[in-house]
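Common to both upcoming complexes is chain A, partnered first by chain B, then by chain C.
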Partner chain A sequence: MKTIYKLLLPLFSIIILVGCSDDDNMQELTGEGIVKLSFDNAVGSDDLLLGSSGYTNSQNEVLTITRLNYIVSNFTLTNDKGEKFTYPKDDSYFVTSEETGETEISLTNIPAGRYVSVTFGIGVDQEKYLQGAEGQGTFLAKAEATNMMWAWQAGYKFLNFEGTFTSQSVTEPTNFKVHMGSHGSSLDNYKEVTLNLGTEALVSDEMTPIIHLVADANAILDGANKLSLSEQAVIMVSEEKSPKVAANVSGMFTVDHVHNGTGDTH
Partner chain B sequence: MKFLYSILMLGVFMSCSNDDEYASFAENEQLAFTVPKNFPEMVYDIESNPPTKFGFELGKKLFYDGKLSSNGFISCGFCHEQRFAFTHHGHQFSHGVNDLSGTRNTPSVANMAFLNEFSWDGATSHLDLFPIIPITNEVEMGETMTGVMTKIQADREYQRAFEAAFEEGGVSTENFLKALSQFMVMMISSNSKYDKYIRGEDGVQFTEKEAYGLDVFNEKCASCHATDLFTDSSFRNNGLPPNPSLNDLGRAEVSGKASDNYKFKVPSLRNVALTAPYMHDGRFGSLESVLNFYTRGMVDSPTLDETLRNGEELGIPLDDEEKEGLLAFLQTLTDDTFINDKRFSEY
Partner chain C sequence: MKKYISFLLFLVVASFLRANESINGTNTDPCIWAGTMFEDFCDTCGCGGNGGSMGFGTGLNNNFIGLRYIGQKYRSRDGIFANSPWINENFNTVQVWGNFPIGKRVLVNTLIPFHSHNRRFSDNSEQTISGIGDATVLAYYQLIAPLPDSIISIKPKHILQLGGGVKAPTGSFKEENLEGSVNPSFQLGTGSWDYILAANYGLTHRNWGISALVNYTIKTENSVSYLFGNQWNLAVNTFKTYYLSDSWSFTPQLGLGAEFFEKNKEFGLLVNDTGGDVYFGRLGLEANYNRFALGISSMLPIAQNLNNGKVEVKNRVMLYLNFNI
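Presenting the complex of A and B:
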């Protein structure tokens, strides 16, 4: 038995070596690693600073943002060969919160590879919701602690965006609240986006890339759909407006850059 | 002093030995669950949360525990009383913590495993997630899920009860919600006179009046109060004049659709003779008033159910004989077995 191994071993090594020489100018990526996604919240071209001086949008409304929390979920990474790796669904729900500084998420045990795009959802899909207690697991507590649960309806806020604003018609600083989620079984506001990474994100035993995404808070009200706070400052369960907010939010993300390396540097 | 202390300690030990009933998960067993013959298909996914002996007992303990509220007194059972088929009898609006009252009438908790929408407006479509609403509502229980879980985690008796009921997870939100569901899933009301008559059990017969009432009901009410659950689980506007001091929009509060204004879930009529007051805001104190409303009390609005418009007249025409028949029939929906079932009772 042992002698067979002894004979086979060199043979295998040759095969492996030959296999490697095919892509000799490419690094061999093996094992699995962590992919970090950093959500850098911004307003337009500026960094988002909660509670700091007003920011003027294209509708001439001046916003002071005090809260920006959103749920991201159901991550899938696609590699250069077009193969998709879907992150285990039960572990694929995250709240990112500017207030608490929890804006980076780590996806672990990602198979080695060269990833070219990322797909994720904003919010919680109906399939997950309808799994009841079993499906929510510890995410419920997380959502409650970060102001992402609605109390009057047992559902999630996908986006919690709050602050004060002034405009030509509203001269005193006035609170605004934009809470977006699905409306019971009546309206599903869960959306998915796919973003090209621009640079390949390299994952292996040694390589832990950080994907920096920019989330432009300006797009929430001032994206493809224009929503005026002067007209309505509290947008929660509006059949007309909340799908527009959902569409805007799904358009607020871009990949800014990817860091390849050991994952220690940003 | 020392003596007093020992007595206290003794008390503690004795109370510990009391909860030996939650022996261990190994002794847990699945409870039999049968869908009554005359019922539609079950909606609840029982495979993912099969009721067990200890899970059910835990759910019951939670249902009757005031710890779930901020003031420590208001339990689920405070508003959902068994004697009245788990409604809040005599209260138009449910009373919660700090004596704040809500704006809605407490519906019956029975046959929940067969419904796909919960509360008057369908604020959730999964039974497991329903308890979050009363627990976190400031006028009902005024707590947070995290707050409740912290209290429960600190309680030794609960720790043991959770361990015995669930193989994994111990005291967790998931198991907490599962236990409450197990209790509610088992709460089936299916042994009224009507059920026995329909299933041909025990030689139960309807009187002439009751049989006539059933015919009238099938002709005039069963389009909405459908199946042997007496609801089609849809949201409809049955023509109640909106209460101007509340202006409760019903389903539209969840959906945000103007076309859902003033639509409410069609309630089940099981045990209806016990569940006064009636309608989402508990405005009617008797079934006579309900029938008078159906014949002459409706108001028109853009979302009024089409079936309630008949030419010039609004409403459901009913003569005195038909009303009497209906009242007699509605009494047959009372299920004494259910309201006296020891498995569900607080004490």
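Presenting the complex of A and C:
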């Protein structure tokens, strides 16, 4: 019987030890770090592969996508205490482009904390646009280089979505172009979205989280608003359709996961 | 601090066992339990990542030392999308293992694994990690000890063992192996001190036998703040021994196994696409020749849902050669 006690003693020690071992999890986060946002473009649940064989949307149109660029801007991060950190506005405009592979953006000098949500805009807000061409800094040249500008008067393309499609009525592969923007200052299509991160993004001197977002390109034409390419294959400055595209685009983003760590791995 | 405490505990267990040895150093004969019982329990998500062990406690009152090879094949999704490529992963492990009864009631099981795991990505690049895995020491107390074989009984014989032990972080855990959504267990070790609670039950009647085991591995956070989820292993096996001559016998085995994994955590936050469960069917054969036991067995998944469907076990193969001391 004695042996039982002898054996039980280390066993109990193990249990007590394990019970105590989780306490040092809540380390202090200090300093400031980088937050990366990675935009993974998708079509439905599949990865978007430019120029690859077409996919069929709910309107029975078969699309082959060859370009997907969009502007994201005005980032705000909210921490677990509800405090908001707004990224400096002049530095807060980015183009992400599937064709160039520039789909990750880095926000630097973010105060340490446990962030729970991110808010950002799609496109360029009127306040920024009304600063005139000089007020745009280097972003104007960036937008021109990535096909995200009409002439200055018409302004920025917030979304540049192109490819070919076929449908029951359009049997030959036909080009489509969906360029959505604000039409100068006459129609404001700038929209903001707030996304919960699902898990906390931890930022400190050592911690550089990567927020992996998924953008579902199918939602652009096939989201809350249904837009038929057979009816209109080139949607640009359209007072009726571009606000519908803008609404669809603002609903195409989700957070897939957050990778916490030192930033070396994804 | 945790490490020192763990090490101390390790010493306590070790010295306790040594003390017992000096009091009571008898040796019992090999018997029908040899090699046939509890050797087939496994970790799904890779030996390194989820426990570093494939079996504690074999022949119950049996002194042996042996070598065992374990091959495991997995495939895992390299990415977050439905059309993300699958990559194949091969986990190879050679273990030096032994069973050392101390006295009539206590049994010590030790296991030192060496791993060589490899995987091939969709761009055809290959990654191999090799080295020592996590060493494990377990001690069992035999609540119901088997009768020596010299006592011929026509009644069914029972056996019941309860025990526990530690798994030391002798295998390396590298953060850079945690790429993307690929199998987080592609590691040589968990990098943590883990603790195991185990129970084995066996019943033999004439040449027939049935064995059951359950064990629970409690994992702790490693130095890079990664915590593998706790793990349950359950298995039931039936076997029958055929004696061909005085020196030769064969024991075919048929069994079922189940493994349950809690979700992993990183920096105290749950990691997506981790945890899950898997159920196995098992077929095995052990040949005994005098003091040697040669075994082969295969485990095939019957049902599984691991890492949110992003990791799949394809099969496991085991081969071992034990020598009864």
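In this section, the second predicted complex is superposed on the first by the 236 of 266 C-alpha atoms of A that agree within 3 Å, B and C clash if a C-alpha of one lies under 4 Å from a C-alpha of the other, contacts with A are read in each partner's own complex, and residues count from 1 in each chain.
Methods note: contacts are C-beta pairs under 8 Å (C-beta built on N, C-alpha and C of every residue); 3 or more make two chains touch, one makes a residue touch a chain.
Just so it is clear, the structure is predicted and the values come from calculations on it, not from any experiment.
S.K.: Touch test for A:Q153: chain B only (first), chain C only (second), both, or neither?
M.R.: A:Q153: touches chain B, not chain C.
S.K.: Classify the contacts of A:H212 with the two partner chains as first (chain B alone), second (chain C alone), both, or neither.
M.R.: In the superposition, A:H212 contacts chain C only.
S.K.: Now for A:T199: first (chain B), second (chain C), both, or neither, which partner does it touch?
M.R.: Once the two structures are laid over each other on A, A:T199 reaches chain C alone.
S.K.: First (chain B), second (chain C), both or neither: which does A:E172 touch?
M.R.: neither
S.K.: Looking at A:D46 after the superposition, I want to know if it touches chain B, chain C, both of them or none. Which is it: first, second, both, neither?
M.R.: second
S.K.: Can A:N260 be said to touch chain B (first), chain C (second), both, or neither?
M.R.: second
S.K.: Once the structures are superposed on A, label A:L130 by its partner contacts, choosing first (chain B), second (chain C), both or neither.
M.R.: In the superposition, A:L130 touches chain B alone.
S.K.: Which one hits more chain A residues, chain B or chain C?
M.R.: Looking at chain B versus chain C, the one contacting more residues of chain A is C.
S.K.: Do any residues of chain A touch both chain B and chain C, and if so, which are they?
M.R.: none
S.K.: With touch defined as at the start, can you tell me which chain A residues reach chain C in the complex?
M.R.: Going by the criterion above, the answer is residues 3-4, 6-7, 10-11, 13-15, 17-18, 21-22, 25-26, 40, 42, 44-47, 49, 198-200, 202, 207, 212, 214, 256-257, 260-262, 264-266.
S.K.: Enumerate the contact residues on chain A facing chain B in the complex.
M.R.: The touching residues are 129-134, 136-138, 140-141, 144-145, 149, 151-155, 183-187, 237-240, 242.
S.K.: With touch defined as at the start, can you tell me which chain B residues reach chain A in the complex?
M.R.: Going by the criterion above, the answer is residues 45, 48-49, 116-117, 121-130, 132-133, 136-138, 144-146, 149, 172-178, 181, 251, 253-258, 260.
S.K.: Show me the residue ranges of chain C that touch chain A in the complex, using the header's touch definition.
M.R.: It comes out as residues 2, 5-6, 9, 12-13, 16, 20, 79-84, 103, 105-106, 139, 141, 163-164, 166, 175-176, 178-180, 195, 197, 218, 220-221, 225, 266-270, 272-273.
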